[in-house]
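Below is a structure I'd like to ask you about.
Order of writing sets the chain letters: A, B, C and D. Residues in each chain are counted from 1.
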Amino acid sequence: MKKIGVITSGGDAPGMNACLKSVVDMASNLGYTVYAFRRGYTGVINNDYVILNREDVSKIFNLGGSIFMSGRCLEFYQLSGPSKAAKVLNKLGIDTLIAIGGNGTYNGANELIKLGVKVIGIPATIDNDVYSTDESMGFDTAVNNAVQMIINIQSTMRANERVALIETMGRLAGDIALYSAMASESDILLVPEDKKTEDEILELVKDEIERGNSSPTVVLAEKQFDLNKLNKRIQDETGKECRSIILGYMQRGGSPTVNDRFLAIRYGVSAVQFISQGISNVVIGVRDDRVVTTPIADAVNLKSNFRADLYGLFKELHRMEH
Amino acid sequence: MKKIGVITSGGDAPGMNACLKSVVDMASNLGYTVYAFRRGYTGVINNDYVILNREDVSKIFNLGGSIFMSGRCLEFYQLSGPSKAAKVLNKLGIDTLIAIGGNGTYNGANELIKLGVKVIGIPATIDNDVYSTDESMGFDTAVNNAVQMIINIQSTMRANERVALIETMGRLAGDIALYSAMASESDILLVPEDKKTEDEILELVKDEIERGNSSPTVVLAEKQFDLNKLNKRIQDETGKECRSIILGYMQRGGSPTVNDRFLAIRYGVSAVQFISQGISNVVIGVRDDRVVTTPIADAVNLKSNFRADLYGLFKELHRMEH
Amino acid sequence: MKKIGVITSGGDAPGMNACLKSVVDMASNLGYTVYAFRRGYTGVINNDYVILNREDVSKIFNLGGSIFMSGRCLEFYQLSGPSKAAKVLNKLGIDTLIAIGGNGTYNGANELIKLGVKVIGIPATIDNDVYSTDESMGFDTAVNNAVQMIINIQSTMRANERVALIETMGRLAGDIALYSAMASESDILLVPEDKKTEDEILELVKDEIERGNSSPTVVLAEKQFDLNKLNKRIQDETGKECRSIILGYMQRGGSPTVNDRFLAIRYGVSAVQFISQGISNVVIGVRDDRVVTTPIADAVNLKSNFRADLYGLFKELHRMEH
Amino acid sequence: MKKIGVITSGGDAPGMNACLKSVVDMASNLGYTVYAFRRGYTGVINNDYVILNREDVSKIFNLGGSIFMSGRCLEFYQLSGPSKAAKVLNKLGIDTLIAIGGNGTYNGANELIKLGVKVIGIPATIDNDVYSTDESMGFDTAVNNAVQMIINIQSTMRANERVALIETMGRLAGDIALYSAMASESDILLVPEDKKTEDEILELVKDEIERGNSSPTVVLAEKQFDLNKLNKRIQDETGKECRSIILGYMQRGGSPTVNDRFLAIRYGVSAVQFISQGISNVVIGVRDDRVVTTPIADAVNLKSNFRADLYGLFKELHRMEH
């Protein structure tokens, strides 16, 4: 009977626990044994694992975070990391390692593959920036969390006729900002895929105010601007109060949405099925609602596409013409 | 400048108001006038409408239900209904009527088309049983509502080690049941697309209990069984307490999820864009995440596909072998 | 060091797990050992328990239901039940048994007290019908759940201009109905503390319709009427469609509100503190936001007061004059 | 028939709209006319109002924020502000002004009272720092919002074994921090009512880590510390990663909880009843669940009491001994 390893790695994403449970349930159906390593690659290097059966994971499906901890393993990315990990996996007789995480995780996986380890990647990141899939696990939950918070913020901002400057997560990708802004009826959207100057933003805010909007909502993806500086300029140049809000880690946490539960199940089950069919060294994805695979070696070199069509739709609908 | 009519018709679905708002916003961008008729086709027949501008719909985006009421119009389906409606629309100079609803709504639309009225259908129904689209507006909200309730029910059922028999909506389609059962980790799933006898169900429940599950959850789509009778048999033949719960209208109501907000916007905007391009007599849909159209005449004759692949996945994962 | 027993008994209530955790944390601070019996009095009779430390309960605070199961123990209420239970507790050297539950639980506790067992009762029931406290743990969560569902139901009922007939839990007490109706702006409220005939209800519904309400909401506590019969009369005599909805177990489940978390902590900590002070055979309560105690022997004989002042307020505000 | 004025003033609080609606409904029952001024005292000074009937407020009960805007009116607090406002109210023939807000609002009211205007204050502020009541409207919603966010944050912090430093609102009062920390099982609580040094905080964090807590949660009320500096010290001196999160405006927004809906109704109805009874110049409150009044002149001079008993309970339960 095969032995399967599994890690959750990098930033955690809602659905990781549901995915882990699906791996264990499906593996158990096939008679496989599951070794769950703690703290991502760190646990592999340190031979720190627990063998899981159905009962052990019977209560984790709804939980956010990752019960086996997720983390970036600095040591792994140093010279000896991958070979240490490969030795541990060999010694334990692990057939294939399932790595649940994002792009950083696949880079690590790629190093292991070069050493002969078999790996299957599962896309789990709220940022939705994985090439191999239309949607990564955690994204829908993060956006639903963000939208709920933006709607709450809007109710108080409108009561005080303030401009709201709301920063979402997303690393280098504008997806969370785009989806959150669209679904919350925000007025102005700033994504790294279409950089704007502070002057341009000021014009957009003024346009909104001129159209009679007494409390415009600006949604921007992180790492683009100095929020305090932008806030001050908006106040100085529009004469309206402005408040800056960082949605932060509240986007990441919490019980997964139905959509992310589905991804978790489909990814987890498919990973085990692929192992049973002798498939490895791919990242799983869902394209057009069907499970697909991409070689990990390709996945680490390619960038996820920003939905320019939806961004265009937002701009047209909200008359964002600058 | 063109005049557009819009109705919400049939059972209401979360997202109808967001869709109506998107129609008005986009129409306003293009300089069109929007006539919203009250109570679906009833309002058309009775010349009962209001002209909407951006300001009128500025606060409806988040609301469940339909502010202009939705309803089945018995009179419309009688001999003179469609011709009365066509006369009203002609007299008002409506270019195209946007009909937001499900299959019954498209049947009505088809009658109007035969009389020379131009119509665009938008799929809005929690049942997800519209042929022309992968997903109808309202479905994701209904499933998320259902899953939240099932999880709550499970917490109390497990505390009392009872069997739970939970009925979802769905008319003739098993989609709500399938998605809800999968995302709530329910144990047994009964859909009209794969009919089972009471005896078979009893076997499935007994299998679960034999595997050590002290509180199995059975999710079943409506209209398949006499709940009270099935409940009694389960109690009598397993010796365990069983409780029947109808999720009912709580599935239908409430603020739409991000996914349904996106569908609402994309459908609403696309409908207006199609009108500006001279396209009509189609039902809009989203296939593989792209907006597509299907002739209404075809849509009314074809059935939506049940996701047999996902149903198979559920059965395999949950060892549902009878 | 003292040994403490703890059970959750009767219908489960949100907050039971948080309360159990607070008992364990506080007991651990004082160096006491906690014996948790499974399935209420059943576990005591059967010597079925687990010894809990801080680590064992570190992840249960947010969970609905009861991880040690709650249940009505038929055997306990038979002749030999209490004496069997008393023997087990004596043999284990349990100093005091903390019984988390409602009135039925206190009846059982009273039998144990007669046999020399020391017991402390903690009021946990969504029905809010415990004499010894202003508010029992679980009530606030149940009402918040109910209100969320009623608001969802109203959005769809209004879209179809239907009368909604919504049944809440509450056993013999109208509290859940009263608080849910008030906080959801329902129109008509039917509680067992002020019985009305079907004719009177019909008049109230007609009053609402005459005032221009096209979709009245009627909230009624369970066990008062034949819903189907009342539904039919409303439809026949008002000419409007009516839908009956049973909120059911969805009220009971789920993560506790802040208020119920506070009650859980205060009750759990106080119980342990009372034990350290040699106090027993009382039910804990909160009156005017202060922790108080009532002898269990009194608690089982007295009825909780219905808030006639708030009911009067509802009737006045909603012009419910029949 | 009497004329009643009403304003929402200062920071908005969930329940303001529900309260406004209750004022209008009750006033309408008594045949009074309601003048709602926009933007708090600003609208009074500028004679900017709308007369409200039942129909106008029929859809606002569930909404967060304040539909008539709330705001601090700088002009009002200048020399001529109160006399301008008094003149407007006199000219309109307003019998009594209902001022929904917090301490700043009562200061303004007190100035009006000196000029012969009759005012009734209603405590609405998430900070819970109003002397005249046990609980101000909006507080329960803010705490429930905060707890939901903290629980989400904890799920991701634990997955990465980080220290979380979470800042709540509260101005000068520690109530939101206290209730949020208690109900979220946070580990360390820092309130302005019991000031601690950075060194003491470091000791508390180290205590938690030594007890085996790999991801301590620190909740602190705003305006006490430089978050960045404290964060850095924690990282430097414990060797663990730490993240700072400001819950911010997400606490304030959103639909009110059942508790705040009750306060809104009771305050709104009572205000109108007091007016009908000739009572004025008081702030309404709820003490021990009964409606009480405090002269506004007293209310502005007295401070709300911090719940030292609950704070002591938190410290004992969480072994916070520094």
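Here is the rule we go by: a residue touches a chain if its C-beta (ideal position, glycine included) is under 8 Å from a C-beta of that chain, and two chains touch if they have at least 3 such contacts.
The model shown is predicted, which means the values in this text are computed figures rather than measured ones.
**Q** Where the contacts of chain B and chain D overlap, which chains show up?
**A** Of all the chains present, those in contact with both chain B and chain D are A, C.
**Q** Name the chain whose C-alpha centroid is most distant from the C-alpha centroid of chain A.
**A** Between chain A and the rest, the longest centre separation is with C.
**Q** Distance-wise, how many Å sit between the C-alpha centres of chain C and chain D, to the nearest whole number?
**A** Computed from C-alpha means, the inter-chain centre distance equals 29 Å.
**Q** Taking each chain's centre as its mean C-alpha position, how far apart are chain A and chain C in Å?
**A** 40
**Q** Go ahead and note the Å separation of the Cα centroids belonging to chain A and chain D.
**A** 35
**Q** Which residues of chain D are in contact with two or more other chains?
**A** Correct list: 151.
**Q** Going by the touch definition at the top, which pairs of chains touch each other?
**A** Listed in label order, the chain pairs in contact are A-B, A-D, B-C, C-D.
**Q** Within their complex, state which residues of chain A touch chain B.
**A** Within the complex, chain A contacts chain B at residues 22, 25-26, 29, 61-62, 134, 140, 143-144, 147, 151, 179-180, 182-183, 185, 257-259, 261-262, 265-266, 269, 288-289, 313, 316-317, 319.
**Q** Where on chain C does chain B make contact in their complex?
**A** 8, 11-12, 16, 39, 63-66, 69-71, 145, 149, 151-161, 164, 243, 245-250, 252-254
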